[in-house]
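Scrolling down, you'll hit the structures one after another.
The following pair of complexes shares a single chain, chain A, combined with chain B in the former and chain C in the latter.
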Partner chain A sequence: MSQFDLVANLQLLVSGLAIGSIYALVALGFVLIYNAVGVVNFAQGEFVMFPSYIAATFLLPAVTVFGTVVHWQLPVIAVYLLVIVLMVGFGLLFNRIAYYPLRDRGWLPVVISTIGVSIFLRNAAQLTWGSEPLVIPGLFNMDTFAIGPLHVRPQDLVIIVVTALLIAFQYLLFERTTLGKQMRATAQDRATARLIGVRVGRIVAITFVYSALLGTISGLLVAPLFTVTKEMGALIALKAFAASIVGGFGSIPGAIIGGLAIGVIETFGGFYISSAYTDAIAFVILIAVLLIKPSGLFGERVAEKA
Partner chain B sequence: MTSRDPARLRGVLLLGIAIVAVALVPLVVHSDYILNLCGVAGIYAIAVMGLGILLGFTGQMSLAQAAFFGIGAYTSGWFTTTLGWSVWPAMALAVVLSALIGLAVGYPCLRLSGHYLALATIGFGIITQLVLINWKSVTNGSDGMTGIPPPQIGSFVFDTYGKYYYLVLVAVLVCAYIAWRIKTTRVGRALEAIRENEIAARACGIDATRYKIVAFVLAGAYAGLAGSLLAHDTKFLSPDSYSFDQSVVFLVMLVVGGSSSIGGAILGAVLLTFLPEVLRPLKTSYIMVYGAAVVVMVIFMPRGLAGLIEVARARFSRGAPPPGSSVSVVAAGATGAEPA
Partner chain C sequence: MKLDRKNFLAATGAAATTAVVGFPAIVGAAAEPIRLGTVPCLTGSNALLGQQEHEGIALAVEEINARAGKVFDGRPFEVVEEDATNDNQSAVAALNKLLGENVVAVVCPVLSTQIQAMAPVMKTHEIPWMTGGTAVKNMQLGVPGAFRLRASDAITAAGMTNFAVKDKKAKKVAILHASDAFGTGGADQVVLDLQKLGMTPVANEQYPKDAKDYTAEILKIKQSGADAMLLYIQNPSDTTIILKQIRSLGLTIPLVGSPSLTNQTVMETAGKDANGAYGAVDFIVGFNSNVATHFLTAFYNKYHHLPDVGTGSGWVYDAVYMLADIYKKQKSTDPKQTIASLHTVKNWEGVLGTFTADSEGNMVHSVSIGQIEDGKLHLVKKVSG
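This part shows the complex of A and B:
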């Protein structure tokens, strides 16, 4: 490329922002759980993968489930509602099995148990849906559409808009509602929150559910761009994790900006530098940030308590 | 000297019996398949012990153990195939190189701890795997590296699973002995002090920076040796074997075994190498069951297999709990515990 091509670069920017929005949503899921219980959830990627499979099962005219072809196609809205209801249950169950019994045992056992759940879910998905990737349609039935000279994938715009709405919703939830304030209080200091009458156990459960829903929504958004496979969540989750560190771990604006930044830089880097190393870019940024400013762009200074 | 202490004597005796029993396995088991698995379990045990020095002794989390494992394997593979070195110097180089890279990774990571350190090591692991896949002129990319020779001493070639079993067994014992020496001497106590409370350790005059680097280097060296042993065992290398998932497997082996116990690390590696094979009759669902088993083990065996065995031993000897058991309860609880 000899000459700077504005249109091509703008198109890269849009797709970078779209994938970055996905990282941002998943990163938010990480940060909320981390803030609430002090543990990184290694099954966060499966919070993206599992609902995508469920959605695919009911969106597609024919899907192979346990080796038999089923025809369970439902209207789109019904599918989305169904997936959300199922994932609320899933979040509660996850909290109950993988976190609750280990809540007083430090972070390592919880990390291991979330890894166990992640292995379980990935292989449960393979067992249920086989190893053929599934392709689910986007909301709009067209490849690209034109805004002036720009050709944009409609799904990219859907992703960006939905993410923006979700972030606005979350802001209102945390700033304006009692539930949101209880969630923030729990994140700040569980013991004190309990003292002032917050039912911490319940708030933690709600946090897991909310995090599962963030994963669900990012899965539903991103699945039309990629394919639905048992591995789809793993790399997204790792990069989202990197994004949350780059932004400053524990910081909600940090997670959003870190996610967007990694999506954009990775898209440009994959185009201009090397497509073989696209997946490494996020981690190179991560290591650079960790070395230069370990607390991330928006993080508070990490001081160790004696 | 406390060698007259009957409890200690009994412990040494039990250990000796265990080693002899393990050494007799190839005389009883003739299935190449099982002997190969035993060898692989031993190789994993070495990598897991290395992780144990870093995480169990020192409290520093790493999810890059498979990357060092891969660096060891590919160093050994490349020097013996492309450059035609004989196996032993290549193996030594694999250990040294992994240790040096451990130093290079450990040094900048020192200011990180807990989840941050885990993340940085994940990043390092993923980059390493991408390099293994894409640096085709050296690693042959996804096609993998073939034709790696077996080690030999004079005219004795370690070319059967039975012979290789003994090579691995010797390596495991040497590594376990070194780890035990580290644990029970000044260095080990310094590492433990850092794990329990780094600030307090520094206040006592422990050069925490230096000791943490030592732990990183040792973890790298152990993984490098394990990788090299695997390369000359399977004689084929593919970048898939050195993924993030493999690092997770090492971590799970360590925690299931009992993170600050050397015997636990070995037991965890052996158990989790054989568990998928035992579950294989379940066909496609076996890895799923494996995942569930990991969750169950973490919930119901708080101190891993090592803790379980200690409890069993205490129950058999009826009297007072074995010396040091209360200390190890504290240690196991503290591993991974963060100030809330």
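This part shows the complex of A and C:
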């Protein structure tokens, strides 16, 4: 292998891991909500898009909001904190409006409700911020740097590192804290969890908030690379959904590995097979995994979830 | 008739009734609005293009309706708008709905893929179809009343290719394009133009709709050893991300893009990543007629931002004015007569330049090559088809 090939492969690996990390974070959001309440949240992509718009509104020197140009440029840290606070509220509200009133009606009304919220949020974003894509700065105001012939975007590294830290945090949360154990208990068996004194309603609300925060972090991480548009979350969510199925729906390590795998494989596939089939590659993997191991790579047996 | 009191009252009453009921009825008939259909992509990932189209049409209609006599005989334009959204099925559904609204002409969405999808329905209605999609095929679909108010990709692609090969002395040309009808059609055209110069592209990469990471495509082009890259991409957000990724992957070869590369939004959002890029352009600020200067000023005054002239608001503004001029001249909105008149358009002055209809319905026959520098576009050369 020539030296250029090695560089190209490393370049693909960095990009693949970065985009895969985002799929993994969004996939985690899917899985956590699925485990807590047994439904797929189709508004997960909008959990990525909405905070990105809020961040853009407060980060950029001039943004058009409801047809009026506003100049609310605030320091980056203040904006990140503000977005996180707002998204905590958003998660609680989402739980209260889209899930809570329908919680005893079976899974279908809840799924449809999340689809409704997704459509509502996309259109609300268009009405609020218009159709112009917005570009927000990255965490480090720094251009690409070169390591030998390899060009690295600092934001790619930020994405990979932040995702790794979040996964570690989540491991500690679930394994070492009472809250985490309560979340796991709720996920495994809500009725029993309630019997042993877990306040299931509250834990579910916390799960929605946590899921919204995962979306928020994904949004803040990708927005500098992808531009903020109302559609930005939709495709990420579709791939993340595929990632969580590949990993085994409901499995946390599965969502992470699935996300990273899809990101890396589609990037390499785009290079070595054909870029026209990038999306197709992700979904061919999905179908292949489902055919070979219907419960996904790390999934429980289907019977347990039925 | 004997004019006694009873007859007098009856006659006066009849006259008064005619005055009250009949006269406004006559005025009403004269002022009957001219229903103009539009199908922009108002929602979905191409909503920006739809918004620009909506704004251009609204400005032209507002101006025409404000002038004395409006379009003609006091008849104003009335816009009937349906959302083509982001996919072809919805565009066709929106068009079918629009055609039930008694419109006399339709300004089509700018996306070639939607125009091609709508063509079977367009064929069944002989009314003027004002289009701005640039794919060569759009005007070869057998739609009787179809006209194109922007330069065809045959002209644009040849201009881009010749510029890269002859002016930038490129020996190895790579192509990056979207996988929709516009991107694929444009790339095919570039391949043909390269063949005329005895060349084949060293890489011809397409990316799927709504992709967000283009590392694989750009890296392949980098690895091909290309010394110039031609881009055929419609979506402004895609273009911005691609420009950023090209720069971040350290590719510094000349970039020559289709008109959407120099879209106002792209220049604003891509910032320094767009610096130095060339684009085939319908329009360059500073090299324009009085019509264009008026359009730019009026647009800014109404919307407080600069229009995207070529791909967005300019061509639809021209479309509405061209129809208004023809309706005024023929004092009729008869679709067949209007189509015949549109075929005879010659040296008509619009925002995008001078319009002359050819046998296919193409009205614009030249583009410019511009270069982006710090969010502004500079004229490099003019290209005629």
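Quick note on the criterion: the second predicted complex is superposed on the first by the 297 of 306 C-alpha atoms of A that agree within 3 Å, B and C clash if a C-alpha of one lies under 4 Å from a C-alpha of the other, contacts with A are read in each partner's own complex, and residues count from 1 in each chain.
In this section, a residue touches a chain if its C-beta (ideal position, glycine included) is under 8 Å from a C-beta of that chain, and two chains touch if they have at least 3 such contacts.
Keep in mind the model is a prediction, meaning the values are calculated, not measured.
K.L.:
Superpose on chain A as described above, then tell me if chain B and chain C fit or clash.
P.N.:
clash
K.L.:
Using the superposition on chain A described above, determine whether A:113 touches chain B (first), chain C (second), both, or neither.
P.N.:
The answer is first: A:113 touches chain B but not chain C.
K.L.:
One more residue to check, A:292. First (chain B), second (chain C), both or neither?
P.N.:
neither
K.L.:
Answer with first, second, both or neither: which of chain B and chain C does A:196 touch in the superposed model?
P.N.:
neither
K.L.:
After lining up the shared chain so the two structures overlap, which partner does A:123 touch, if you call chain B first and chain C second: first, second, both or neither?
P.N.:
both
K.L.:
On the A-aligned overlay, A:62 touches which partner chain: chain B = first, chain C = second, or both, or neither?
P.N.:
neither
K.L.:
Just to be sure I read the superposition right, which of the two partners does A:276 touch: chain B = first, chain C = second, or both, or neither?
P.N.:
both
K.L.:
Based on the superposed arrangement, let me know which partner A:77 touches: chain B (first), chain C (second), both, or neither?
P.N.:
In the superposition, A:77 touches no partner, neither chain B nor chain C.
K.L.:
Just one of 4-12, 112-120 or 220-228 in chain C runs into chain B once the structures are overlaid; which is it?
P.N.:
So the stretch of chain C that bumps into chain B is 112-120.
K.L.:
Where on chain A do the contacts from chain B and from chain C line up?
P.N.:
Residues 122-123, 126, 276-277, 279-280, which sit in both footprints.
K.L.:
Show me the residue ranges of chain A that touch chain B in the complex, using the header's touch definition.
P.N.:
Chain A residues touching chain B: 34, 38, 40, 42, 97-98, 101-102, 105-109, 111-113, 115-124, 126-127, 190-191, 238, 241-242, 245, 249, 276-277, 279-280, 283-284, 286-287, 290-291, 294, 302, 304-306.
K.L.:
Help me check something: in the complex, which residues belonging to chain B touch chain A?
P.N.:
Interface residues on chain B, with respect to chain A: 61, 108-109, 111-116, 118-120, 122-124, 126-127, 130, 133-134, 197-200, 244, 248, 251-252, 255-256, 259, 284-285, 287-288, 290-295, 298-299, 302, 333-340.
K.L.:
Help me check something: in the complex, which residues belonging to chain A touch chain C?
P.N.:
Residues in contact with chain C: 4, 8, 11-12, 15-16, 18-19, 64, 69, 122-123, 126, 130-135, 143-144, 146, 151, 153, 222, 225-227, 229-232, 234-236, 267-271, 275-280.
K.L.:
Going by the contact rule at the top, pick out the chain C residues touching chain A in the complex.
P.N.:
Going through chain C, the ones touching chain A are 43-45, 47-48, 50-51, 179, 205-208, 210-217, 219-220, 222-223, 236-237, 240-241, 244, 247-250, 265, 269-271, 304-305.
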